[in-house]
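Take a look at these structures.
What follows is chain A paired twice: with chain B in the first complex and chain C in the second.
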Partner chain A sequence: MEQFAVLIRSKDRQPIRYLVVDDSVFARKNVTKMIEAFGGKVAGEAGDGLTAITEYDRAQPDIVLMDITMPQMEGIEAAERIIRQHSDARVIMVSSVGYQENIVAALQKGAKHFVQKPVKAEVLYEVIKYVMGEDAVAVEGAAAGDSK
Partner chain B sequence: MSFFSEERASELKDLFFESATELLQALNEEGLDLEKHPGDPEVVRQVRRTVHTLKGDSAACGYTELSALAHELEDALTPELAKQHGVKVAEVVLSAADTFQNMLNAYRANTPAPTGDRVFAAIHALIRKPALVPSPNAVSGIVTESAPAKPRFEWSEYEKMVMTDAVSRGLKVLQLALTIDPNCVVRVVALQMIKTAFSDLGTVLVVVPEEGSPLDKVEVITAALASSFDEEYIARKCKIPAVISEVFVERYTAPAAEAASTNGAGGAQHAEEDALNLAPEQNVPHQEPISEADSFSTSSLSTAPESTLRVDAERIDAVLNLVGELIIGKSMLTQTINEFDKKFAKDPLRAKFADALAYQARVLTDLQKSVMKVRMVPVEQLFRRFPRVVRDVSKACGKEVHLEVHGQATDLDKSILDVLAEPMAHLVRNAIGHGIESPEERLAAGKLKIGTIKLDAYHQGNNIVIEVSDDGRGIDRQKVLAKAIERGIVTQEETARMTDGEALNLIFHPGLSTAEEITSVSGRGVGMDIVKSVLERLKGSVVIDSKVGQGSTFYLKVPLTLAIIKALMFRVVDRMYAVPLGSVMEITRAMETEIHRVDQHEVIKLRDQVLTLVRLNRLANSTSKQKKIFIVVIAVNDRKFGLVVDKLIGEEELVIKALDDHLVATELVSGASILGDGTVVLILNVNSVVARLGRSNISDDLRAGASA
Partner chain C sequence: MKMELIQPFINAGDAVLSETLQCSTQIGDVNMDEEVYRRKGMAALITIQGDIEGRVILDLDTKTAAAVATALMGSPVAETDPAVQETIFELSNLIIGNAVTTLNDQGFRFKIHPPELHTAEQGIHSSEDTEALVMCLDTPSGSVYMNIAMRYNRRRKTERAAVVGS
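Our next item is the complex of A and B:
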């Protein structure tokens, strides 16, 4: 079982806030558990692109984890709209293999990174650390992860 | 999933199974939809989305067989393919749905999952002809991981020139070698990410391989950057997780000789051009159009915020159980206050008590209703699986059948609904297999070529009735009787006396099937008896109505809920019993002298009908010969019986407490309840009581149950 050093925001040393967007309840829960293991906080959830946009406005998260394939509005469009409104938004696309063109499109539209399903905690952790860059610090020694 | 503890993992798996079941249901519906509208791109997209979610979820749970198959299917499903192959695609989707279901079942049972070979083959058969799918995900060959300790940069003359020129202009030029993570299957994305990272770091002078060249075999991307950041920072920024596994950064120092020999101005121009060109180049479209993503989003845009809560059914049961206890508490209170009334008939407190009690009773009723409402789900959940059943069975039988569904909005207790699925499927299969005639037969009989199966649901008092009807050939009484005699179920003489209803009810007898030949979908002779036993277990009933040549209708009657019933209570000798109020037709009084004996049955003439009597006190050694007796007339299926009781208590809402099978060895009692004063009431299972009519051991069994 892996342990993760808790990642916190450097500016106020508060937990990083996430918006998790996926139409699968299961996938959301899965990612949420990982986020919590990193010491993060889920500020909002959305099951489709439109909700994601309003949730972003409401929750003002540090990071958006955005699924690509969703009803109502696809993840890419939602990501694009969020980035257009908030140029500092950090959107990480989450998708399965076979959608590389979509990922490229999302990256060109300003998404910061991507992870592939099935999401691996280690990978997600590194990606978040990378995307947050200077804005996050890892606090060593803090008990993180849900493993014993 | 190694990352999560066992407990979490199993919690997630539960969630997975739940949502996967819903996804499969949706997939079935979409598959049928696709069959109706072959090649409809919107439907294809829906199917894709469903399969996609299923793939993602199963992969996260580590169910590789399922996710692999889902992946294959998702990949293959394109609107073009659907247009090309039409109905065949729907066929593949539906058979895939079946395979998914089998896999799920296997996962749930912890048995090895079946291979999806057949479906894989079907998918491949579809996509083979038009080479549509490039299958970019098969990572060809083994990507060697051992990156060279110090990569050699092999710049072309031109590239060298660009770099040297930049150096000569006083820029700090760095050469980079980035090893692509072998796990990163999407190289195009990797390149994109790297370029994004570079653009934050400085001016890109060179990137190898160039845009648009095949990336499949590329292991290392080399680049030259003009940047003011130090090597260490650049290395960190370039080590993109999940994309780049190794980074090598080195300052490029132009060989002095070369630097001198370059013609400065031209080189600089080149460098600038290059830097400028890179940006628009990034927008060069890739092999496949991205427009798919855009067209997805143009569909319906109505937003529906999620306000649904998923709750474990057990938790609701717990709440309902508590409500049941409260109801018992209420009757305790009522009883106490009644006693108080008698004792202090003039006390002014009485009115206050009565008010408080009435208020409490009202709230309690509301509470009970709301909790029950939580357990209620629309019958639609049950009905929605039938389009698929009808399609499959009618196809297998070579019949044309149209399904008509009504009353989907009718609510029914979830636990009942779940149990009803199997018997209903039996009835529908039978209706298509036996009831509906072949198209030729139908035309010959002057009917529409396409047969109709109708499902309907509606309230009837405290019950829900679900109708399954067909407009087929109906059930032939003579055929049923002949078969029953042949199988030795009844005798010739008995059949002569049977009413139509009784004759039809014979089809519920185990081992009787009127089908001439046995087909794979119906006619095994099992099933109808299961239908009946399931309905009886639910304290419901099944009634047949059939007209030869016009079709048959099965009425499945089930109580609204299993937890609380309205019951009529009465006393026999010194025990309290109750029967569901729904089955009570009327209550009448009679004199002992009016009872006649026919064929060892006691009967009484009620108005113009002869009513068979059932004596619960038989063999109870009750010598008390009352002159006047109470008769509770109950209806079982379409027959009436009279229960002879000593004293009527009244009607009350009873909270059914299930009796442990080990304690009660009789099927005559379906449950028990506790009254306010602590008395235990046995709730009779009227079906079994009547079935035992004429046998002498009824009271024996009851006493066994009561003493438990």
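Our next item is the complex of A and C:
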């Protein structure tokens, strides 16, 4: 995988904490590898939307990476519920189904961005940087793990 | 042949496999004759409902399925490991999701269902209104077969014809 400048939180220079939501274990592992390459930390995982809501309350992550098509509760509804309870939540939708209606629906519910699967690390990195804005800083020359 | 329905699946299969396996793939045999189709091993079935109806089966022999899972997981996966099915299901989700995105951009609306394990030995035969096609994508991990059977939803087709004719 490509080398990335470590992304850390501006306020305390700690790793960005992520909640990874996907019903596929493989997809979660794949995204986790990318997060680690960005110097981030997986604070929680969920395999469906309903669990994602409780995991968000427990883990209080900086970013949620949320699949759309999942059992029990789909990602767009879960994102809406999380954002309704936590207006500052940063939810990025990650799905293989990337058509306009899905994207618009997710953004209307408060999601910050959309990344189409298969996820490219360089695309996800840029989206995370954009969504975190001034709340994150990229540390050039630092390897993943240096900031922890 | 309703190639406008099938082409997005071929393109998505090619693109997703080369992206996820980080390799070049080659489109091998494409066959319309269902008589020759027999399930190869690990097969994931995804059903599509809406303006277009049908199903896609992603089918790999057990050795190839384990090799693909190993490549995607980044560590050795045995043929009997449940991670093989999990990986093939996610791979089929990626391919169908990308194909559906293209078809949706062309104006078709539908819902895709989560993958199920396909246990039947044969696929669906072609008929007057259902195109059934078996194609093979060759990768360094082995051959990946896609069995695609699609048709326009009759009611939607009539509605579309009325709009075009008006």
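Simple rule for what comes next: the second predicted complex is superposed on the first by the 139 of 148 C-alpha atoms of A that agree within 3 Å, B and C clash if a C-alpha of one lies under 4 Å from a C-alpha of the other, contacts with A are read in each partner's own complex, and residues count from 1 in each chain.
By definition in this document, a residue touches a chain if its C-beta (ideal position, glycine included) is under 8 Å from a C-beta of that chain, and two chains touch if they have at least 3 such contacts.
Quantities reported herein were computed from a predicted structural model and do not represent experimental measurements.
Engineer: What does the overlay on chain A give for chain B and chain C, a clash or a fit?
Structural biologist: When both complexes are placed onto chain A, chain B and chain C end up clashing with one another.
Engineer: Have a look at where A:E101 lands relative to chain B and chain C in the superposition and call it first, second, both or neither.
Structural biologist: both
Engineer: In the superposed model, which partner reaches more residues of chain A, chain B or chain C?
Structural biologist: B
Engineer: Applying the touch criterion given at the start, work out whether A:T51 contacts chain B, chain C, both or neither, answering first, second, both or neither.
Structural biologist: First partner only, chain B.
Engineer: Should A:E74 be classified as contacting the first partner (chain B), the second (chain C), both, or neither?
Structural biologist: The answer is first: A:E74 touches chain B but not chain C.
Engineer: In the overlay, answer first, second, both or neither for which of chain B and chain C A:Y130 touches.
Structural biologist: In the superposed model, A:Y130 contacts chain B only, not chain C.
Engineer: Answer with first, second, both or neither: which of chain B and chain C does A:A27 touch in the superposed model?
Structural biologist: A:A27 sits against chain B and chain C alike.
Engineer: Taking the superposition on A as described, I'd like to know which of chain B and chain C A:K117 touches: first, second, both or neither.
Structural biologist: It touches chain B and chain C both.
Engineer: For the combined three-chain arrangement, which segment of chain B clashes with chain C: 23-31, 185-193 or 347-355?
Structural biologist: Residues of chain B that run into chain C: 23-31.
Engineer: Which chain A residues are contacted by chain C in one complex and by chain B in the other?
Structural biologist: Looking at chain A, the two contact sets intersect at 23-27, 29-30, 33, 69, 71, 96-98, 100-101, 116-118, 120.
Engineer: Where on chain C does chain A make contact in their complex?
Structural biologist: So the residues of chain C touching chain A come out as 16, 19-20, 69, 72-74, 83, 86-87, 89-90, 93-98, 100-101, 104-105, 112, 114.
Engineer: Going by the contact rule set out above, which residues of chain A touch chain C in the complex?
Structural biologist: Those in contact with chain C are residues 23-27, 29-30, 33, 69, 71, 95-101, 116-118, 120.
Engineer: Would you pull the chain B residues touching chain A in the complex into a rising list?
Structural biologist: 2-5, 8, 12, 15-16, 19, 48-49, 52-53, 55-57, 59-60, 62, 67, 71, 74-75, 136-137, 185-189, 192-193, 196, 239-242, 282-283, 286-290, 292-294, 296-297, 299-303, 305-306, 310
Engineer: Under the touch definition given earlier, write down the residues of chain A that touch chain B in their complex.
Structural biologist: Interface residues on chain A, with respect to chain B: 1-2, 23-27, 29-30, 33-34, 37, 47-51, 54, 67-74, 76-77, 96-98, 100-105, 107-108, 113-123, 126-127, 129-130, 146-148.
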